[in-house]
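Paired with subunit B in one complex and with subunit C in the other, subunit A is shared by the two complexes that follow.
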Partner chain A sequence: MSFPPSPVGRAMAHLFDYVPLAILALAWEAIVRGGLVSPSVLPPFSEVVAEFFRLAGNGVIFVHAAISLRRIVIGLALAVAFGVTAGLLMSAIRPVRLVLQPLLGLLYPLPKSALVPLLMLLLGLGDSPKILLIFIGCLLPVVTNTFNGARGVDEKLMWSAANLGASRLGLFVIRFNAALPDILTGARTGVAFAFILLINAELIFGQDGLGYLIASTGGLGAYPTMFAAVILVVMLGFAADRLFGFIENRMLAWRAP
Partner chain B sequence: MTAGERSIRTGLFPASAGGPWLIRRFAASEGAAQLLAIAVLLGIWWAFSRWGGINPFLLPSPEVVGQRLLRQFNSGELAANISATMYAAIAGFAIAVIIGVPLGLAMARNRIAGWFFAPIVSVGFPAPKLAFLPIFLLWFDVGASSKIVMVAFAAVFIVASATAAGAAYVPRPLLWSAQSLGASRTAMLWQVIVPSALPQILNGLQIALPVCLITTIAAEMYVGGAGIGGAMLAASRFANTPDVFAGLIISGATGLVLVRLIGWIRVKLLHWHAEARVK
Partner chain C sequence: MTAQTIRETSQASRVGPATVGISVNGLTHRFGAGRQATLALQNVQLDIAPGEFHCLLGPSGCGKSTLLYLIGGFIPVQEGTIRTARGAVTRPGVDRGIVFQNFALFPWKTVRQNVLYGMENLGVAKAEREARAADLLAMVKLEKFANHYPSQLSGGMQQRAAIARTLAIEPDILLMDEPFGALDAQTRSVMQEELISIWQRTGKIIVFVTHDVQEAVLLGDRISVMSARPGRIETIVSCDFNREKGSPVRRAGEFAEQVQHLSALMHQQALT
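Let's turn to the complex of A and B:
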């Protein structure tokens, strides 16, 4: 199917791309209404949507979403700040590399969800163990991508800059810019990790947040609420990923395609 | 986890150092650096727990944790937990591969499949799949099957999108040559498209397998019962820090084995590929 290249036409084409999701929603509605699946194990889609708007109306779901997003933003921001610095230092200073590289090699195969009980024991049930978990989980993709990007910087760029009298700080800035595409890739991987670890921690020892909302409503048998919360989590993950893709494109607009 | 992480090279000592060949090779390897890192970390941990003045409840000494590991090993608990976790992780991974690879191939080579599944995979890929765990517990029994379904669901999007990305960019000349030699559709698929997409497919599998382990351990913590995650959560409920530390070590070791295993499989499957010649 082809659309004229007008803005409206392009928007239509874009909408058409997402028709399969509507088909999926219709199939969901149909198998429950048709009696193939009992509504007690799968509430009809329309009921879940109605529940979503009810929760949005009284603000409950946004309270939990705000708590969850705050944890993600803080954990991820710390991971990016520390990770980029560490990655750049690793690429520029050999002793830093020799110390950090084997440590990162040890952290890489560790399933991060195994840290949940330890952090819970050491830091309690509040915000800080969740933020720390997100921080640790996101650190690895950010550091390794920054390091690989900064290591791959074209040496001729560095020589020219040094020759033109760039300071050490100036050279560092060049390294950062050269590594930027990889840094952004690492941060985007980090976003996906942050969501997984957040839900993981909130499911297991949450007192608030979307993961807690899912676990607690599931435990009470309030399935329409549970499904509404799951759909919101999926939409937030998708939106965050798209947002980072957009930022990536904007920040890298200077780069030749 | 990105492909970049695999390329971390942690060799500490230059390969040109002296000594017999085997020792030189080991000293330059990733393993030597990691062993050294483990030894240093153990030393720091031991020194801190002995002289750091930290409450042993918060930081038990390595000896205590080692004794717990030994006790778990002797009682057979260790083997039972590791095998329960490995079983769920690998069974879920296998299902994800069996569904994800054909799905990815279909998405890349068939317009209707591509149109239908592309938005579903692009929405499902960044979603935190663990959020579906209570739903799977509602649909499947609380034993192994809900965990296996959870793990397969978490991994299938990664496998499918990596396969689709690999199969979509098979070099045209390869396809043309095979066609002009009269290759059948099956031959095209198995002898041209799949081998050409294999490096990308394996990238996907190398990302998916650790995700499977993370998901299994998280699911075990949520559900309780058998497995490394269940044991760790039970220990933390009783404020049993040494066993939590022991669980952390066990899960790290399990993760290391799985990461090495899939890396080895990649080398075996791609021995014919150009990447095998680059060292």
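Let's turn to the complex of A and C:
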């Protein structure tokens, strides 16, 4: 058993995680200032940061961010709810598995962004086609991980539960709990997919959202604004992943350290 | 159910078909189908008396665990019958508690929650199941670790927790699948002593699978020696000296003799 590091020690260790990012920012600044890349194509990092604070100051960027995040949260929540249920049913009921497995097999290699024009035609330009796209894209990792996790549950664990008088529902609950680490892994993959797919969709057909902001300002040549929006997307995606990691650790506190 | 009625019912069930502990008749079991099928057990015949500590001893692959799982009802019987005092075995039941080599504790439940789980399923009243869990955890000396997760415990402690979890449902029969196989020698010997004392206090039938000759001779009233491919019971030997009050020297002598006898038997089988 080891002693937990002091809070200061932990903070220092985390600080070092960001050293590569600082180097990247410095390199960006240097190649533009050094004349390697024209500032009209790639604005210096400092200018992008200044623009970011300007947009944050008047709130414009957060309006778009809120619109995008709302779509992600709804799409992802639906995908997790449906995906976990489907994955568990597939593992427990053979006919469900026989019906769903080929469908998932078809969906797997399909580039989900190829669905963007189709969904736009079917559902218009509003929220619903984007939420549906996120749903479809995130469903796959959630279902696959849930199914594999639930199927891979140690047989002896299920036997123990049956031996201890578990009902059918009780066995289902045991299977769910045992598969939870895999389920959360699937959902975390879904978080990344959700960001990629949403920005994709908003870039192609959007009237609002961060993807729209990137496309519209990029089209006008307002590169500092465009890069500010890109950086916000990156930061939000990173924060969402970290938040998810935190939730995962809380829910799986029972795992071996 | 009060302790009084539990004692009475267990006595009553012993009065019933008094000689039936576990009765295995003409049990044959195959894994796989067609030409690739392997014969795991062939025509196994075994009677275990009430209150007996019975060891299934044999090399790996001899089907001793398969026999145990069949008695537990975890795999369906194909050919032959298994009967206990409660009738033919067709599925898992709380009358036959099992302890696995790798414990199979629920890792997301604390030790206490693991012990409570079976009693919750059986609808034992809250106050009683809490009290019984506390008693059991004290018995296996885990009261200080009641709120720990299995991952925070050593192997020996996890196995004690698993035993407490199984005893909580008060099974008539305790099935043990190489329960001490994953433990170091020291812990194993402590656990063997504890198991004997639990067995003496509760009077349950214990069916104990092991490939360790010394362990079998140390623990068993009787030992079924099994052979592999196909799995069969070669012979059944008694270890009466375990329970006699003879001089320690004489018992040690008989112990050594029996170990030697069985080791020779196992060695022969490994060669054939």
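Quick note on the criterion: the second predicted complex is superposed on the first by the 249 of 257 C-alpha atoms of A that agree within 3 Å, B and C clash if a C-alpha of one lies under 4 Å from a C-alpha of the other, contacts with A are read in each partner's own complex, and residues count from 1 in each chain.
The rule is short, and it goes like this: contacts are C-beta pairs under 8 Å (C-beta built on N, C-alpha and C of every residue); 3 or more make two chains touch, one makes a residue touch a chain.
From a predicted model like this one, the values you see are computed outputs, not experimental measurements.
> So, on subunit A, is it clash or fit between subunit B and subunit C?
fit
> Check the residue A:Leu157 against both partner chains and state whether it touches subunit B (first), subunit C (second), both, or neither.
second
> Identify the partner contact of A:Ala166: answer first if only subunit B is touched, second if only subunit C is, both if each is, neither if none is.
In the superposition, A:Ala166 touches subunit C alone.
> Looking at the overlay, what does A:Asn249 touch: subunit B (first), subunit C (second), both, or neither?
Neither partner.
> A:Leu180 in the overlay: touching subunit B, subunit C, both, or neither? Say first, second, both or neither.
The answer is second: A:Leu180 touches subunit C but not subunit B.
> Roughly what angle, nearest 10 degrees, sits at the C-alpha centre of subunit A between those of subunit B and subunit C?
Seen from the centre of subunit A, the opening angle is 90 degrees.
> Have a look at where A:Val116 lands relative to subunit B and subunit C in the superposition and call it first, second, both or neither.
first
> Compare subunit B and subunit C by how many residues of subunit A each one touches, and report the one with more.
On the superposition, B touches more of the residues of subunit A.
> Touch test for A:Gln207: subunit B only (first), subunit C only (second), both, or neither?
The answer is neither, since A:Gln207 touches no partner chain.
> After overlaying the two complexes, what is the shortest C-alpha distance between subunit B and subunit C, in Å?
For subunit B and subunit C in the superposition, the minimum C-alpha gap reads 9 Å.
> Which residues of subunit A are in contact with subunit B in one complex and with subunit C in the other?
none
> Please name which positions on subunit A make contact with subunit C in the complex.
Subunit A reaches subunit C through residues 154, 156-157, 159-167, 170, 174, 177-178, 180, 252-257.
> Would you mind writing out the residues of subunit C in touch with subunit A in their complex?
69, 72, 74, 91-94, 96-98, 100, 102, 104-109, 117-118, 121-122, 149-151, 165-166, 169
> Hey, which residues of subunit A end up touching subunit B in the complex?
Touch list, subunit A to subunit B: 17-18, 20-21, 23-24, 41, 98, 101-106, 108-118, 120-122, 140-141, 144-145, 148, 182, 185-186, 189, 191-192, 195-196, 198-200, 203-204, 210-211, 214-215, 218-219, 223, 226-227, 229-230, 233-234, 237-238, 240-241.
> Help me check something: in the complex, which residues belonging to subunit B touch subunit A?
1-2, 4-5, 7-10, 12, 30, 33-34, 36-38, 41, 58, 115-120, 122-135, 137-139, 210, 213-215, 217-218, 221-222, 228-229, 232-233, 235-236, 239, 241, 244-245, 247-248, 251-252, 254-256, 258-259
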